[in-house]
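What follows is a single structure, written as C-alpha cells, with notes after it.
The chains carry the letters A, B, C and D, assigned in the order they are written, with residues numbered from 1 in each.
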C-alpha cells in the first residue's frame, strides 16, 4: 500500500498530496467522445483476466479459462471475462451463413436463418451458467490457490433469444412421442447433449444475445442453447440443430464425461442440475487484508432448482452463522449476491458461506457430499467453501469439517 | 439479402449449400481458451458502435456519443456501447491516487481512498441512465434518421457501490440543517450538481462497479454517483466530493443548461426527474424489413418515478393499441423491454409505443408536451415516438398527432 | 465503520471546497476590475469565445441578446419574443455566482483552475461589462457581488414551480391511455428532411448485416 | 409465424442428422474390420492417443484398465478397487454407440467428420480390439453392433437412480442449516500444499492494486 502509506504520511502534516496538489485530470482537457467507439476497461484494470489452470488439461483447445470472481461485483459477468470451456476450440462463425435445423419427431423438420430466428418472439433472462466440473479439483483435498480456479467456471449474463418451445411448436413436435431433445453444435466436436422434453419446453432458450449484444464467439456466436439451472455443457454453443426424440442419446459428454463416479464403482448418468451453492468472493484465497477494521464480506449464491432463499455466513469455521443481506432482485437460476458486515480484529478466522434455496435444500459440507458420493465424483461439487484468514492478513484455501 | 437469396435458390434444389457442404468450423480445430484473456465481440459485429451526431456540438470533448439502441437486446447495455457525455473530456484516472471527500454540514469532514470505499457495505442495482437532453433534437420537427440519435443517450447497467446514506451517516451529517448535497467531479469541468437530501438518502449510490467490473473511464472510473431516475448530468463522474448544504448551488449545469425553456420566456430550474418514456428499437428508423410476415416488435420503456406498469403498441398511428409483453424482472428506475407479435402484410404502417408507469403517468404525445412547454424546451422530451414503415420496407422517423 | 476513512484536514477541504453558491457562500475575498478582465479575456478566452463573447465556434455565444431593459426587469425579453437566433449564456444565467463558480473551476477550457482569484473576478466583470451590465470602470469584489446580482438580466427568469424535482412531484403533462378507436388526428406532421437522410453516415453500416432487419442505404434516396 | 423458416429438405437433414443412439437409431449401414481399423488408428489417431491408445499426452488414455472379467460382468472392477491410476475411456463408456457417434462426429481432432463410414466402424473395432473386447479378425458392422454392445466392459456401470435429472428430483445429500453453537468438528482438514502456491502464477498480479484487499505475492512463501 504505497498509496496508503503516502496518504497516511501526508495526512500527518497538511494533508494528502493527492488532494493538496490538484491531479492533472482536474487541470487539463480530457479525451473526446467516441475516442473508443467500442469502449474497453481502464489501463489500470489489467489484472483481472480469464486464466487457465496449469495442468488441468493437456491441450488448450479442449480446456477451460476461468472467470476472475475474486474482483467482480454484482451478478452480471462482464462478457469479456465470461469463462470458457471448449472441446474442439472456438470459431468466429459467419452469422449470415449459419443455419439452425429442427428435425426428428416433428411434423415439419425446418431450417431457420439468423434472420428468421431473430424475427420470432424473444425473451431476455438473467441466468447463471456453471460448468458441471466447477470446483472439481477440490473433490479430494485443497488443490488451487484462489477462487478464480476453485469456482471460476461460473458466469451470469442476460441472455436473449426465442424460447425453444416456440420453435418446437413451429415445427409441430409430436406431443405424445417426444420425450427428449438432442442439441447439437456446429463446432468440430459437434457437441451433443440430451435434454428432457419437460425441461426443453419449460425455460430453455435458443439464444443469440448476451448482455445486450450478440453472444461473444467464445460463448457460441451466433447461437447457443440456454438451459437454466443445468450444467454448462448442455448450453450447446454454435448451435446448429435440435432433434426431437423418444430416448436419450448417451453422447460422449453424457456417457464418458459429466458422469458422476460413486463409491461403489458405478456412475450416475444424466446428472445435469447444478445444485445450490455459494462462495465468498471477497475476501478469498490469495488475497491479503491490509488492515484490521470493517469489511464487507461479499459473495455469490445460486441454485439450479430456483431462487436463493437465504445465505448464512460464518466467521468461526462453522460454529455460528449469521444471515447475510441478499441483493435484489433475487431471480430464479441466477446468481444472487450476498453481503454481510464484519469487523476484523486481527485474529485468525475461518470464513464460510452456506446457501439455502427455495426448495429448502441446504448447501452441504464437503464431508456430507463425500459420505454419499465418495471422493472420485469430479462433477457437481457444491460443498461449502472455507477460507482461512491468517494474522498476517493472508487468506488461503482450506477444507473444514 | 444475398444469404437469403442463396438459401432460397439452393433450397429449390437439394438444399442450402451452407448445410449440404459442412462449414469449415465443423471440420477443423478452433482456437484455444484464453486466446483473448479479455474477450471482444465477433469480427462480424463492427457496425453497432457509439457514434456522434454531426453538428450537435462544436467540439468533441464537450459532446455526446450515442448508444446504438437499434440493435441491442434485453435491458443491459454492453459497457463498451454505453453512451458518453463529457463536458471537458474524459480521463483514465489512477484509482490508487483518487480520493473522495465529504464536507459541509457534517460532524467530521472525511477523506476516503478507493480502498476505504470498497470495504464499506455495498449494493448492486440495475438502473437506466438517460441524459436530460435525450431526444432534444426532436422537440421541434423530425431531425435525426435513427433511434441511435433520437434516443441513444440512454443506457442501463448494474451499478455497484456504497449507498450515499452510509457515507453521510459515517460523517455524521446534520440531520436538521441538511437540505441539499452538492456532488463534484474531478475532471476539468469539476462537474457539480445539486441533489435534494431526501433523494440523496433514498437510493443514491457512490459507485465503482458497472456490469460486474470497474466503471469504464468514459463513465467515471473509478467513482461516479448513481442517481436513479434523475437525468445523467447528476450522475457525476470521476466523483471527488460531496458537500452537505442547506441551499441549492445553481451550478452552471443547473442555471445555464439543463433548465427547461417555457413558452412564457421563463425557465424551469431544477428539473431533474426523467419522466416515463418508451421507444420501439426494432424495427426503427433507418432499418428495412426484407419481407412480409411475422415480426417481434421490441423496444424499451423506463420511468424515473419507478416501475413500468404497461406498454401499449399501436401499428395504425395511434388509433388502436395493444398491451405488449413486459420482460421480467420489471425493476424500479430501470429499463423494461417490451415485445409484441406482429405480422406485416406489406401495407404502410405507423408504429408507436406508449408507456405507463406505476404512478399512473401516461407517456404523452409530442403535441401534448408542446401544449404545456412549447417548442424551445430542449430537455426532457419524453414524447411518444412514431416510426413510419413504407411499402418498400423502409422505416423512417415521423411525428404524428 | 472501524478504520475506514479519516478526518479531512482544513487544508484539504480548502483545496477542494471551491463551490460558490447564489448566496455567495464559498466566495473567496478578492476583487478584479473590468480593465484587468479585458486583458484576461483577450489573452485567455477570446480565442474560443470571440473578442466580444459572441463566437459560435466552440460553444454558443456567451454575450448577446440582453438589453438595458432586461437589466432593469431581471427578465430577458428575447426569451419570450425569440428574436435572438441563439440563447446566449447571459440571456439565461440568473445568478452571478454561477458565472464566477464555473469560470473559477472550469475555464479556460484547456487549463481549468489555472486562474487567480483576481482573474476570475476580473473576467467575470468583463463579461458583464461586454453585456453592458457593468460599467467600464467597475471593480467586482466579494463585497459588491450581491449588488451585481441585482443587475443580472435574467435574475427573475427561473421558476421552480414544477413537479420534476421532488420524488413525488406532480407531472405537468397529463395524457390519457386510450386503447380503441382513439379520437383525434393521427396525421404525419413532420418527416425527416431529405437533407438529414445521410448526415449521420450510411445507416446500412450502422446495423447488423443479419437479423430481423437491415440498415437502410442512406447514400441513396428512399425507394418511394 | 408467417414467412419464418422453411421445411428442411431430406438431403439437408441427412447432411446434419448424424447422431447415433444407444439403440443404434441413426447408425448408417456399413462395416469395418479390426485390421483396417489398425491402419486408420496408426495413421490418424496414434500420434495423439498412442499406439496402444494408452497415451496421456493430449488426453486421458482411451484403452486400459478393463479385463476379460469386466467384459463378462459388464462392470469394470477397477472402478471399485481404484487400482488403475486413471480412468480410461473404455473403463467408463457403457455404450458402443457413444464411441461410434463421437469418433464419427469429432475425430480425428484436427479434422473432424473426415472419416468414411467404413473407417469409423473399423477404428471403433480396433479400439475395442486393443482392449481385448473384440478379436483380431472381427468385422464390426451395423448388423452386429448390438452383439458388441453386450461385450462392453462397463455396460452395466451406469445408474440413473438419482435426483439430478428431473426438474423436481430429490437431492441425495441432505444437510441441515444449524445457526448457533453448531456441533461437530470444525477442524481444518486440508490446506493448500506449498507446491501449489505459485503454480497459477503470482496472485498479486491477479487482483487489483486497490480496493478492499490486495493479491498475495505468491512468489514468496506465506509470512507465517
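Keep in mind that, in the parts below, a contact is a pair of C-beta atoms (placed from the backbone, for glycine too) under 8 Å apart; a residue touches a chain by one contact, two chains touch by 3 or more.
If you're wondering where the values come from, they're calculated on a predicted model, not measured in any experiment.
**Q** From the centre of subunit B, which chain's CA centre is farthest?
**A** Centroid comparison gives D as the farthest chain from subunit B.
**Q** Distance from the CA centroid of subunit C to that of subunit D, rounded to the nearest Å?
**A** About 67 Å separates the centre of subunit C from that of subunit D.
**Q** Taking the mean of the CA coordinates per chain, how far is subunit B from subunit D in Å?
**A** Using C-alpha averages as centres, the distance is 47 Å.
**Q** Return the distance between the CA-based centres of subunit A and subunit D, expressed in whole Å.
**A** So the centre of subunit A lies 22 Å away from the centre of subunit D.
**Q** At which residue positions does subunit D touch at least two other chains?
**A** 1, 4, 6, 8, 12, 16, 109, 112-113, 208-212 - these are the residues of subunit D that touch more than one other chain.
**Q** Among the residues of subunit A, which ones contact at least 2 other chains?
**A** 1, 3, 11, 15-16, 19, 26-29, 44-45, 48-49, 51, 59, 71, 88, 95-96, 101, 111, 113, 115, 119-120, 188, 190, 214, 222, 240, 290, 293-296
**Q** Which word fits the touch map of the chains here: line, ring, star, complete or other?
**A** Shape of the chain contacts: other, as it matches none of the listed patterns.
**Q** Each pair of chains that touch: what are they?
**A** Here the touching pairs of chains are A-B, A-C, A-D, B-C, B-D.
**Q** Under the touch definition given earlier, write down the residues of subunit A that touch subunit B in their complex.
**A** 1-4, 7, 11, 15-16, 18-19, 23-45, 48-52, 59-61, 63-65, 71-82, 84-86, 88-99, 101, 111, 113, 115, 119-125, 158-160, 186-188, 190, 208-209, 211-214, 216-218, 221-222, 238, 240, 290, 293-296, 298, 325, 327-329, 331, 337, 339, 341
**Q** Using the touch definition up top, name the residues of subunit B that touch subunit C in the complex.
**A** Of all residues in subunit B, those touching subunit C are 1, 3, 44-45, 47-49, 51, 53-55, 58-59, 62, 68, 70-71, 87-88, 101, 103-104, 108-113, 116, 119-120, 141-146, 148-149, 170, 182, 184, 188-190, 192, 196, 198-199, 202, 229, 240-241, 243, 245, 247-252, 255-256, 259-262, 264-273, 275, 282-283, 285-290, 295-296, 305, 310, 312, 316-321, 350, 354, 356, 359, 361-365, 368-369, 371-373, 376, 380, 386, 388, 390-392, 394-401.
**Q** With touch defined as at the start, can you tell me which subunit B residues reach subunit D in the complex?
**A** Within the complex, subunit B contacts subunit D at residues 11, 14-16, 19-20, 22, 26-29, 95-96, 113-115, 118-119, 214, 222, 291-294, 343.
**Q** Looking at the complex, which residues from subunit C come into contact with subunit B?
**A** Residues of subunit C touching subunit B: 1, 4-8, 12-13, 16-19, 21-23, 25, 56-59, 75-77, 79-80, 82, 87, 89, 92-95, 97-98, 101-102, 105-106, 109, 112-113, 154, 157-162, 164-167, 169, 171-182, 184-193, 196-201, 203, 205-216, 218, 222-224.
**Q** Would you mind writing out the residues of subunit C in touch with subunit A in their complex?
**A** Those residues of subunit C that touch subunit A are 1-4, 6, 8-9, 11-12, 15-16, 109-114, 208-212.
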